[in-house]
Amino acid sequence: MATRADSGHPVQTPALDAHALRRDFPALQQEVHGHPLVYLDNAATTQKPVAVLDAVQRYYREDNANVHRGIHELSRRATEAYEGARAKVARWIGAADPSEVVWTRGTTDGINLLAAAWGLDHVKEGDEILLSVLEHHSNLVPWHLLARRTGARIRYIEIDDQGEWILDDLPELLNERTRIVSLSHVSNSLGSINPVEQVVPEIRARTDALIVLDGAQGAPLLPVDVHGLGVDFYAFSGHKMCGPTGIGALWGRRDRLEAMEPYQGGGEMISLVERDASTWAEVPHKFEAGTPNMAGAVGMGAAVDYLESVGRDAILAWEQALVRYALDRLSDLPGITIYGPRAVERRSGVVSFTLEAAHPHDISTIVDMHGVAIRAGHHCAQLVMQRYGTAATARASFYIYNTREDVDRLVSSLHEVLKIFG
Amino acid sequence: MATRADSGHPVQTPALDAHALRRDFPALQQEVHGHPLVYLDNAATTQKPVAVLDAVQRYYREDNANVHRGIHELSRRATEAYEGARAKVARWIGAADPSEVVWTRGTTDGINLLAAAWGLDHVKEGDEILLSVLEHHSNLVPWHLLARRTGARIRYIEIDDQGEWILDDLPELLNERTRIVSLSHVSNSLGSINPVEQVVPEIRARTDALIVLDGAQGAPLLPVDVHGLGVDFYAFSGHKMCGPTGIGALWGRRDRLEAMEPYQGGGEMISLVERDASTWAEVPHKFEAGTPNMAGAVGMGAAVDYLESVGRDAILAWEQALVRYALDRLSDLPGITIYGPRAVERRSGVVSFTLEAAHPHDISTIVDMHGVAIRAGHHCAQLVMQRYGTAATARASFYIYNTREDVDRLVSSLHEVLKIFG
Amino acid sequence: MQEPQLNSLYQQLILEHYRNPRNKGEMDDSQVEVHMRNPSCGDEIKLQLRVEHGRIADVRFTGQGCSISQAAVSMMTQLLKGKPVDDVGSMADRFTEMMHGDEEAAKDRRMGDLRALAGVSRFPVRVKCALLGFDALQEALRKLGDSSTEN
Amino acid sequence: MQEPQLNSLYQQLILEHYRNPRNKGEMDDSQVEVHMRNPSCGDEIKLQLRVEHGRIADVRFTGQGCSISQAAVSMMTQLLKGKPVDDVGSMADRFTEMMHGDEEAAKDRRMGDLRALAGVSRFPVRVKCALLGFDALQEALRKLGDSSTEN
């Protein structure tokens, strides 16, 4: 496990002004338990800038109507806003064609869509699904459910002590029975940026399995290029990238989307409905049954606009600068164990740690009383916890509006933990 | 088909001040094509009062965090707001126990949840699913998909010329193979309030089928009492009752919920995750995989507060008063056909009609140019359209903020249609 | 943007074609038949075609839908009779341009009565209605091409 | 509401029990054993019990988790030895009252060291931690009752 950051790379001054950005976020302007809030739970969900809140408000105050099929002016405007947002979200992950983007409720919804709509038709008893031990429950349980229904077998890429995939086993893990490979782009529990650029071509060379990336932590952070990655599907959530709750997207290659049966049935996704059968609308609407989360989509589009104004490439640099600083400062604490890759350039803005003296829940309660919000628990990654023989870690996770002062506040509040539990 | 309203009932002055209420709705304060907006597309989606928009904003500006499992203050507040909203939504449909309410994306999502999570485990080849011809596609297509996967047979309750269920056939339609009966409480295309109080006991007496009500149009309108109705499930949407988009609820009887496998897998819905299997959290969380639409839930709770302040019983009375007036005025138009029940007390706020002279799309375009928003098309009810041998109708649908002046504006703009097409 | 005007949409010529559609009906000796539906609104047409010596010898349609979709098909069929099949592509392109607001296209005399539909471009949700006929026509010619290559 | 205070939560007595838990370990001659887990945070305990003549003759636990959950179990086991089984229900109720802020309950001398946990009531998200031990205890007694009825 990493203790102190490798200092091989010179610290650059990133092109992002976190102090300025934080003024855009109303939720950060408050005191919690008598202290200015330091919000370090961004891997769970990020705060929302005024630009996003305003876009959602504007939608409701001016354009709100059910999209598609409506002829009246509000419906036309709502449809335009909704489809315009789809184009923005496509752009954010480098997708050339907005109609390859399916709106979902979030990453979990997107992966379940695939597990059901692709899985039930293409996976049979004895087939294999390859995951990794790093996965979030949302990229484990849908496949467990599918395996249970079909009799497929789940296999895992293991992780080493630094939370990195052990890739030597890959040739053995892939074979002609492998139907689906679903992996996280970035781990939420340890912060590892996984080497998907290396792994995806290896999988393609060995199987014709469906390749899915869980981009819940990747999309908010990395300049994603779905075509360059060469995957079939990329799932991500709005709420982890400054967007509203209840909205996310699943990008898929057109041929794959077209080869897939619908997931949910209902309004908007049909062409013709008869008494015993129905025919489907075109991609992506085939996968969008029911009244969609229109305000959510508009908000997620506005979040993309906002993040583009921040700068696609500045985000990762800034988060890694903070992590570098945090690792340096945290590693001075007595009895600390820090999880995840040693090399900062293979890390996202997540720092998971434990202290010998105090349990993560106690850490979290105490730092919260000092206005510092971190998460404690298994982070929906129980396999990772089992791998390291712990039930829980404390996790600080940074985003564009966090500063070095936030790290200092975390460290000083951890000293309070040590005072109580010392 | 109804032409003129029965005048058997005296017109009461309803206890609802629509002129006052409409000031609460920012979207209604605008001009469209140079005319003050008359929004009559409420069966598709309603507008949102300031109280709801403010609740959503407050959530994002003050409390936003991922719910459950978090120890820090924002997460505690977010969880409290989210679970508090669940209690409000439960109250709105008379459910005694909030933990019997599962958050969904909307009615469509709730029905698909049932079709998959209940259906795949309990429906076999040769089993029967009973629906009605009145159903919205969202209460047809999920069952078509289930029937296709399982080999079950779909049967239908037919409708008469007034859009009312023909119940004489019910004994024949139900038998020991009937596994699921899923019916709309209120029709969205014709506005029939279906006699579920009469039908549900008959179904119970004859089968032990799962009884599901599609409450998308019922919950916004009727004082629902899920226990009194005696059904197993009741699905509805927030956006059709002044709430945000992307949120809805599925109420279910506890024993039914507990007997059901999860629908989606992911974070929040598990207890223990191991490499090959998982165990589930308690009801309702078992059915709520992934980060929920927290702001949406809070907004739907605020919508319930708002509608309660309007008055649970006043809503139906007001809509029927408007419909009575609208039927009277519309029936004077040459060549008009009005669909749905003749008796106003069996109608919701929906008036579906066609004109001999002009197609519904042309009607909709012309009235839109006069600032009147109605819907034209099949209203996601193609079986109803087929029943009446038309491809489309024009539909005006009222809600609490509509007034008699709105009806007058509709009628006068229809005269413009007749002028052009006369 | 200036408000679109209803009278720019509902030209007399459109209403006239709607009430008295040209070439409506079935023919017995068609070479190809296409059924086309606009799923978002339910408008539908069936288009039948006979081609002789590279020219459209006859064309008929049946269908139901709004004034725009039905008038547009009627106008299109009127224009097609005797036209070389090879011209259809550029006619369809020209009409699509008109639907996207191209004012040159709206004045193109080759477009015949279809020019009366220029106003539809100001009503974006109705553009699909106007295009239904050409969509069906192009599908029909594709089918015809396929079957002639097969033979 | 006044801000809750950390020192009202982390009383010395709690930390002392956390560091030196009482009755931690396994026993060979237990009559009933319960494994209880707080799914939302992963805290877990195993509780073993032996009852003789209607009284709790011995009780042991193993487990892992936060200071609150582990100290609370330790304090509870300390209090249980020799207590009539019939008293457990009211003890559990009293403790739950304390966790919901009842100040009378917090002064009830029958609650022994558990009174040090009164401050937890000001930290609602931690109340579940404190209740884990009593949840396990009640489950154990239910099991014991079931098996004695069966015999």
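Points to keep in mind about this one:
Should a chain be cited, it is by its letter among A, B, C and D, assigned in written order, with residues numbered from 1 in that chain.
What we mean here is this: contacts are C-beta pairs under 8 Å (C-beta built on N, C-alpha and C of every residue); 3 or more make two chains touch, one makes a residue touch a chain.
Note that the coordinates shown come from a computational prediction; the quantities given were computed from them, not determined experimentally.
In terms of the stated touch criterion, the partners common to chain A and chain B are C, D, listed by label. Counting C-beta pairs in contact across B-C and across A-C gives the higher total for B-C. Centre to centre, using the average C-alpha position, chain A and chain D are separated by 38 Å. Rounded to whole angstrom units, the spacing between the C-alpha centres of chain A and chain C is 47.
Averaging Cα coordinates per chain places chain C and chain D 80 Å apart.
Shared interface positions of chain B, defined as residues touching 2 or more other chains, are 33, 69-71, 75, 270, 272, 361, 365, 376-377, 382.
Chain D has residues 40-41, 125-126 in contact with two or more other chains.
Chain contact summary for the complex, chain C toward chain A: residues 37, 39-41, 124-126. Taken together, the chain B residues at the contact with chain A in this complex read 26-27, 30, 32-33, 37, 39, 41, 44-45, 47-48, 53, 56-57, 60-66, 69-75, 105-109, 111-112, 115-116, 120, 136-138, 140-145, 147-149, 154, 156, 237, 239, 244-247, 261-270, 272-278, 289-296, 361, 364-365, 368, 372-377, 380, 382-383, 386.
Contacts from chain B toward chain D in the complex involve residues 68-71, 75-76, 270-272, 281. Note for the complex: chain C touches chain B at residues 3-4, 6, 9-10, 15, 40-44, 64-68, 123, 125-126, 129. The touching residues of chain B, counted against chain C in their complex, run 33-34, 358-362, 365-366, 369, 376-378, 382, 385, 391-392, 416, 420-421.
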